[in-house]
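Both complexes shown next keep subunit A, but they swap its partner, so subunit B is in the first and subunit C is in the second.
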Partner chain A sequence: MTPLLSVDGLTLKTGDKTLVSDLSFSLGAGERMGLIGESGSGKSLTAMAVTGLLPKSIVPAGSILLDGQQVVGTLERTLNGLRGSSVAVVFQEPLTALDPLMKIGTQVAGPLGRRLAREGKSPPRREVDREVLQFLDHVALPQPERIANSYPHEISGGQRQRVAIAMALACKPKLLIADEPTTALDVTTQAEILKLLDSLVRELGMALLFISHDLPVVATVVDRVTVLRNGRAVEEGPVKAVFDQPRHDYTKTLVEAARSFDNALEGTA
Partner chain B sequence: MTLLDVRDVTFGYGRQRQVLHGVSFAVKKGVSVGLVGESGSGKTTILRLLLGLTKPTGGTINFGGSVLDPSSRGFMRDYRRSVQAVFQDPYSSLDPRQKVRDIISEPLQSLRIPGAHGEAVAAALDAVGLPADAINRYPHEFSGGQRQRIAIARAIVARPQLVLADEAVSALDLSTRIRIVDLFKRLSENMTLVFVSHDLGVVASLCEEIIILERGHIVESGNTREILDAPQHPYTQKLLQSVPRMPR
Partner chain C sequence: MSAADELTPAVVTAARKPRWSPTFTIGLILVGIHVAIALLTLFWTPYDPTSTTGGRLEPPSFIHWAGTDRLGRDFFTQIMIGSRIALIVGAGAVAIGAAIGVTIGLLAAFATRFLDDALAATLDILIAFPTLLLAMLVVAASEGASLWSAILALGIAMSAIVARLTRILAKRVLQNDYITASRTSGTSWPGVVVRHVLPNIWPTLSVNFALQFGIAVIAESSLSYLGLGAPPPNASWGRLLQEAQGTVYTAPIGAIAPGIALVTLVIGINLLADGLRDIGDPTRRISR
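Up next, the complex of A and B:
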């Protein structure tokens, strides 16, 4: 079966500097994979490359096949068709991902309307509004009517991230990319958002590319991981195998560090 | 011996927004304390009060038996010598136009501490594990972890009794964070550390005592091991359950 996303020999350069080097991985429909790396590892750039949203100064080479469509070197108009239907992204900072001047309901209605148009439907406004409320309810936001009628600054950080997830889900994409979606959130809110993402992705059968520097967070939502360092993949495999028996020295350092904080919490250090 | 005594401290912005509600705790000499809470818990406000950057609206803070009074220049000069701080972001807490030598010796100069500053700077650099030739370089020549080492060297150069650290490892990558936590652990053998953090794992690694804050109230405090092993307050329990763990 052809994978939903197939990244082959991806190299990203700006001027003489190589940011991502010869990266290859693939993701089947409904699969969940984590891209782990520290700052400068190229994990977010890889996500941007998959969605065709790289800054003009960064030149991609190699191949990214998403839902049967080549992304590298493809016209913006073609890529626009892929965004939403094939892929949607949840970014790290929900405050900057949302338009501060637009009410939440209108913001969620945007991608929802595009998806409905794509499906050849043109429902009346009232029906779109009802579906917006359903999506807000789906991401466990209390009082969806009040939230829909609020501006981003009027709701909490966790609620804003739920709205960003609702917008991505409204597209019904085949692949959801979550780029550090809980890094800006408090730990109790993070736990709730991870649980929500996990259950929604399972329920809707989407593939998930989860990008994070936080090993235990990644382990809660994905089955496979690729570890990036300075733009190169140093190790990949099932979460349990990579975290239990890391082969590369860099992965070993990360796993040992994460385990040492766990051990300190449990009093086994 | 009690180094710092915080008694019934309140702080608010007018009557409408009360940030701290009668907070009391003591910091004993040589016993590192972790202040843990989520956004809006008041942990940074407590740190600002402890630094003398702002005054409590109620209650008192005593240091070494004297009331912390930010308006007393004499008291604050002695206090700054005894209490130093390390902040979260090593990219904004170091002056980009100063060489490392000047950054680290700044407390010695502004506090008019007599003696050979060059030797004190070299000893501080050595204590934080940076090479001696770092003194002639600028902050931008260093990585995030190395910059945080410079900030720590600046905090310890005047040999303070107490170091206040505000989320001092939160902005660092995991592999760097573990090394800076180790550095703090080593340094805390010779000084007292108040470590403000949202990260329970880091506090568990570093601090003998822990204070859990929720919306300006201390909900639980005491020995870190005992609290983590058997949290009594529902909020502490929720906090502990929410921390993601590595798969076993």
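Up next, the complex of A and C:
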């Protein structure tokens, strides 16, 4: 079976600078993979390259096959058809990922309406609204009616991230890219969002590309990881193998750093 | 933390209703009076604006509220019709300026670097021309002065300012994460403009439109004063002021009345613009 996403020899350049070089990985339908590395290692750029939404100044080379469609060098119109149906993204910053002047309900209705149109349905407005409420309820938001009627600045950061997840889910994509979805949240909210994301991805059978710099976070939601450093993949394998017996020095440093942090926490507890 | 802890305080929800704003109310009343008068002139005026109904340069009286002009026509009637002309010119100029300006501004915001720079430079040159001078050029280039040439002239002069503002605002909106987020869920570029860009630039743009409306009213008066606006018998305030120039010492009402009309309308519009900003932007409503 051909994988859902297959990245082959992806290189991203801006001017003379190489941001990501010769990156290859693949992800089957329903698989869950983590992309980890420090900031500036090219994780988020890789994600944007997959959606075909790189800034104009960054030039991609190599091949990205998403759902059987080549992304690199493809026309905008073709790519736009992939977005939403094949891939959707949850971003890091829930504060800025929602349109400040649009009510939550209307924002969720956007991608939902496009998916329904793709499926050849054009239900009346009232039915779309009801489905919006269902999605808000699905991501465990309290009082969906009130939230749907609120503007983003009227709800909390954790709630906004739930809305962002609801919007991505409303697309029913085959691949969900989560770009550090919990980094901007406090630890307890983080745990809740992770649990939510984990259960929803399983429930809907989506593939997950989880981007993070946080090893313990990644370990809880994915099966395989790819470790990126300075735009190169330095290690790849199942979560357990990579974290228990890291082969590359950089991965060792990362794992040790996470471990010593855990130890420090336990020491004071 | 349970989900219930994340509930927003009730205060925030309560504050969503726009607060009563005195500036907005005063603006609304002033503009409302002018609009009501303008509409009224379509059906009724105290006297026929073009026929002589009294002596020449009569002072204000109960028969002629603002006296009569040099030809003995009722002056108050002419001021009333002036309201209509001022509003038509303001609205027309803003409509033309907005249509051209927003289109060019959005094009520039989405354009390639080269086209964007070229458009921005052109706009800067156009803005460097004083609005009135540009409008005079357009009027002079068109076939004689008329109400429509004045509207077109002011609209074109205004469009450069609107275009530059739109370009900057749209560029800033396009940098936001929610644009990328919207794009990743499959919103097309036209969809992004309609769903996100226009609503997000509208609060600032609408205030600018209101201010431009006021500027257009003054500019039309200036054009008419210079004889480049609506020709007689159109009773533009600018032309009334110009006609009153020679008799300002003997019949000061001829200068005072159109002056008051002009000032009240422009102040009203500016106050309205101020109030609009608070209404258009829900995030501002709680900060007030």
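The working rule: the second predicted complex is superposed on the first by the 267 of 269 C-alpha atoms of A that agree within 3 Å, B and C clash if a C-alpha of one lies under 4 Å from a C-alpha of the other, contacts with A are read in each partner's own complex, and residues count from 1 in each chain.
Going forward, a contact is a pair of C-beta atoms (placed from the backbone, for glycine too) under 8 Å apart; a residue touches a chain by one contact, two chains touch by 3 or more.
Model, not experiment: these values are computed from the prediction.
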Which superposed partner A:T96 touches (first subunit B, second subunit C, both, neither): second
Touching partner for A:P216 - first (subunit B), second (subunit C), both, neither: first
Which of subunit B and subunit C A:V139 touches, first, second, both or neither: neither
Which of subunit B and subunit C A:V234 touches, first, second, both or neither: neither
Touched subunit A residues, subunit B compared with subunit C: C
Touched partner set for A:A257, first subunit B, second subunit C, both or neither: first
Subunit B versus subunit C as contact partner of A:S85, first or second or both or neither: second
Partner chain in contact with A:T188 - subunit B first, subunit C second, else both or neither: both
Touching both subunit B and subunit C, residues of subunit A: 188-189
Partner subunit A, residues of subunit C touching it in the complex: 1, 3-4, 6-8, 12-13, 16, 176-178, 180-189, 195-196, 199-200, 203, 281-283, 286
In the complex with subunit B, residue positions of subunit A that touch it: 38-39, 157, 186-191, 194, 213-217, 219-220, 239-240, 243-244, 250, 253-262, 264-267, 269
Touching residues (chain side subunit B, partner subunit A) in the complex: 38-39, 144, 173-178, 198-202, 204-205, 225, 228-229, 238-247
Footprint of subunit C on subunit A - complex, ascending: 48, 51, 53, 76, 80-85, 87-89, 91, 93, 96-102, 110-111, 114, 140-143, 146, 150-151, 153-156, 158-159, 164, 167-168, 170-171, 177, 188-189, 192
